[in-house]
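This report concerns only the one structure given below.
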Amino acid sequence: MDLSVNLGALKLKNPIMTASGTFGYGLEFTPYGRLEDLGAIVVKGLSLKPRRGNPMPRIAETPCGMLNAIGLQNIGVEKFLREKLPLLPWKQTPIVVNLYAQSAQEFADLAEALNSETGVGALEVNISCPNVRQGGLQFGQDPDAAARVVEMVKKNAAQKPVIVKLSPNVADIKVIAKAVESAGADIISLINTLGGMAVDIQTRKPCLANVFGGLSGPAIKPVALKMVYEACRTVNIPVIGLGGITRAQDILEFILVGARAVQVGTANFIRPDKVFSLVEELKEKVREMDIDSWDEFRGSIIA
Amino acid sequence: MDLSVNLGALKLKNPIMTASGTFGYGLEFTPYGRLEDLGAIVVKGLSLKPRRGNPMPRIAETPCGMLNAIGLQNIGVEKFLREKLPLLPWKQTPIVVNLYAQSAQEFADLAEALNSETGVGALEVNISCPNVRQGGLQFGQDPDAAARVVEMVKKNAAQKPVIVKLSPNVADIKVIAKAVESAGADIISLINTLGGMAVDIQTRKPCLANVFGGLSGPAIKPVALKMVYEACRTVNIPVIGLGGITRAQDILEFILVGARAVQVGTANFIRPDKVFSLVEELKEKVREMDIDSWDEFRGSIIA
Amino acid sequence: MKQEINPGSPSCLNLEIQAITYAGSRDFVHIYLDPPRWEYMAGQFVMIRPDGWVNDPIWPRPFSICEKTDDSLRLFVQVVGRGTSLISQLQPGNSIDLWGPLGNGFVFDPQDRLLILAGGMGIAPFVGLCKKHPHPEQISFLFGHRMDIESYPLAEFPPEIDSEHLKQETTADIQGFQGVLKTRIQNFSGRGMILACGPTPFLKVVQQYSLEFEANTLISLENKMACGVGACLGCVAQTTSGDYVQTCTRGPVFRADEVVLDEQLLNQKAYRK
Amino acid sequence: MKQEINPGSPSCLNLEIQAITYAGSRDFVHIYLDPPRWEYMAGQFVMIRPDGWVNDPIWPRPFSICEKTDDSLRLFVQVVGRGTSLISQLQPGNSIDLWGPLGNGFVFDPQDRLLILAGGMGIAPFVGLCKKHPHPEQISFLFGHRMDIESYPLAEFPPEIDSEHLKQETTADIQGFQGVLKTRIQNFSGRGMILACGPTPFLKVVQQYSLEFEANTLISLENKMACGVGACLGCVAQTTSGDYVQTCTRGPVFRADEVVLDEQLLNQKAYRK
């Protein structure tokens, strides 16, 4: 079967994308696989200016998952475009830039800076980072604020598909999904990390300098699946599902509940070639299960 | 060290309670330990009338956790008082009745039915069950509705400490914690399960007949710790922490962030004598760590 | 008269593995454990959890008590998923948590004739039962299986037992087996007790013919279990009155006319009595 | 002149364990793996993840490359927590995922004199380095350790090396060791290169005296790592300019005057250069 999928204007040779922040700028993984084999590469969240990120410690291991509070350390959009993008195989595989900003205006400025960049395949607006004081969740938990950001980004990035990445830290994902769809999002992706915390009873300190962090990995897959299912039944735009994917089976689960594509995050830490082998495993599994077309399988859950 | 703790009028010989729905009516565990050794026993959620619960399948295993959608099957409060309570060691260990109702009035009726029962040590108002169509989350996600339930229960159960059990499926736990405190809750407990879902790609069906279920177990501990920490910094009433506890270390983590007592849920399925051995392990750990008093240790996190 | 075995009170132990043997393929595993001090009734089961599981898998796994001697407790396990695969990789000297005996076994009169119907791993509880039965010549045993017969401990059964086994490879085989089941149940009805254990589709067929021919049949259900002690309400079966009862404590052995395996059978007369 | 070893490009492999041996106690484990085809530089490390871990623990674990011969790759692991405990229970024949060689090793001129300072498991990267060094008589080795010396592979070091080891049991021992470190660094400064590896408190002392006496010191950091390849930004160290850089790709070996281990040292003059 042909594994390719279209998310509106964004065309992928297979549904497997990398999740932002877990795949660096992509180039870190060249020793472990061919970047051009991936459906798309989503790079680490970029801001207008470089950011140092949070102090250490920034990560903690948890049962079947992990917490992170990187604080969006990044080299800034300019340096990315100059030094990283040219080295990425953007002609063969869409490069998606994940955007982080502290205000709607800054998001708009980022969108403008990227709109005319040929090598950029799509923008992913991160309104769901739990690890920064400003800009993250304040948009992701408020439908109006989220809609405003989306409108401004869309206005300035008319040439690029705009993905909006949603936070699971809400009472009802359907409300925010609907809001960003109405505001003009082309695609939504979910979920970002769940707010969490870990502590060390010996030192009596939090395991993260930032106190709180974002929970990711297989532990959160059930939460992610439910939200993706709900989102798919709420909006008419394509949905990208993620959260805890480590196996081809997990990918098919997300597609079964309605996702058009998926992202692989924490699993990149299980093995650096994980996402590449998932492409192979998915092919194999699709054959084994006699799936004829994505259109037939996608969202075909009997519920 | 003396392990006993007071949660207002509710006095426990140690901080370890069982979590509702994971310990049956308590009697199921008599072959595996002495019920009177526990801090308190919280029984399965009871409603005015018996409930059949949801169709099968009702449970699914997930990475480091599980989903359940039991649907509050229970024998009804009357039968519980007649057939189970007399067999429980309520003179030595508080028996906490977890309440489920579909309306504020029904919660009030339940409270009335239990108020004069000597054997009932406290009421735990479950406004956070994700697995029932009516009554569960509709209260747990709405501060006003939650407050109304609490007020009515308090009015009818003047003689009993009232614990309100909160849902993690909210954008900001602080809002709801504050609301139930203001409404007169004596104690809060959190967290109930996170909404989740699992699917079977072979049958293309959800793994639970109810489609959605509640996620529990070690997977959710980081989410629980954060919410307990936030709740402890928000309210002045005692807080009971739970979510993913399997070890004495986990118990101390919850107490470190401010919990006065804890509940053990899914861990009861790891071994039926788990909660009993945790009492021993906790004693040992407290000795090993030279903790002199709960008052010194509780909430002493440096953050 | 009931079987004179006293199941006693269950306990939770940490037991060492004495030996692990494989039958036919690596997917069929006999586990021999240090024997607990309780007695059991065939059809009862244990929950087990190897020491190394920590948090993942989170649940224990239920297995029928295959056989218990003075020297060891034996389980017979087929690898079907992650848990059983991990269990099959255990080594002698490894320890596991085990609690039991759990649930209700097969209650029958040892003087009565027995027709035992087993599908696949449903053979497990009958190993001990048949080897200990005082009158093996009273037992007829019909066994349907998918894998080579060497995978199953059929050779251990006392020779006095009238035993037949049918391998099911094709859909035709399965239909053939169902036909044999029908004939056997029909002919046996009224002459003694039928005991059945196996996968749910197999039990549905047994139930259907037992109801049709009003046979006196006990069936042992396999439901997913979390606690095994009646506390979580996750393993319930539906009774004919529409209630949900715990398979782990009210079963796993039920009367065939007591539980609903197939909603369509609810209309069948025999159910109503 | 730089060491002439070409670290080559890292790769991710599934390697079989040839042998596991224990030194002193079960807590000190030497793991011998089928050798990958790459070359490495001492101080580089690998990430490993045993096949059985599935989702828990979720992360791999970083270990220095202890030694590599034509026959095997060797890691030297101390059990300190859950992951290393699981690793210590592996058996020959088990397989692990392994990626490397990662990071930057100790870059030095083999003609120069070396003072090697190791604390505890910080000895690991120096086993291969010392055994392969063309001029072992140029090396001085100071080793501080907590457990019995038999736990560590000190006896393997070439006899030409001038080596001293100090056991630290009491607080007085630790202070004494710090005194020796100070003297050694002071006396060696300007006479060659200092290489150091060990726990962070030890490295802080090494760094402090290296800055004080302006010694030419390389230190290898141990930070928690998730990916090991520079992607997650979880393992960062703070540079003197305040930036956070990945320990896994920009380190683990850093110049002592390049990273901030102890905020208080930031005021020290030597840092500023």
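Each chain carries a letter (A, B, C and D) given by its place in the written order, and its residues are counted from 1.
Rule of thumb we're sticking to: a contact is a pair of C-beta atoms (placed from the backbone, for glycine too) under 8 Å apart; a residue touches a chain by one contact, two chains touch by 3 or more.
Keep in mind that this is a model prediction, so the values were computed, not measured.
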item	value
Intersection of the contact lists for subunit A and subunit D	B, C
Label of the chain whose CA centroid is most distant from the centroid of subunit B	D
Separation of mean Cα positions, subunit D and subunit C [Å, integer]	55
Between subunit A and subunit C, centroid-to-centroid distance (C-alpha), Å	47
Chain centre separation in whole Å, for subunit C relative to subunit B (CA means)	35
Contacts with two or more other chains, residues of subunit C listed in rising order	55-56
Overlap residues in subunit A, where contacts from two or more other chains coincide	62-65, 217-219
Pairwise touch network: line, ring, star, complete, or other	complete
For the subunit B and subunit D complex, residues of the former touching the latter	63-64
Partner subunit C, residues of subunit D touching it in the complex	54-56, 82
List of subunit B residues in touch with subunit C within their complex	21-24, 28-29, 31-32, 44, 52-53, 55-66, 68, 70, 73, 217-219, 246, 266, 268-273
Parts of subunit D lying in touch with subunit A, wherever the complex brings them together	9-12, 49, 55-60, 97, 99, 223-224, 226-238, 242-244, 249
Residue numbers on subunit B that touch subunit A, as the complex places them	62-65, 67, 141, 169-172, 194-199, 201-206, 211-213, 215, 217-223, 225-226, 229, 244, 249, 252-253, 256-257, 289, 300-303
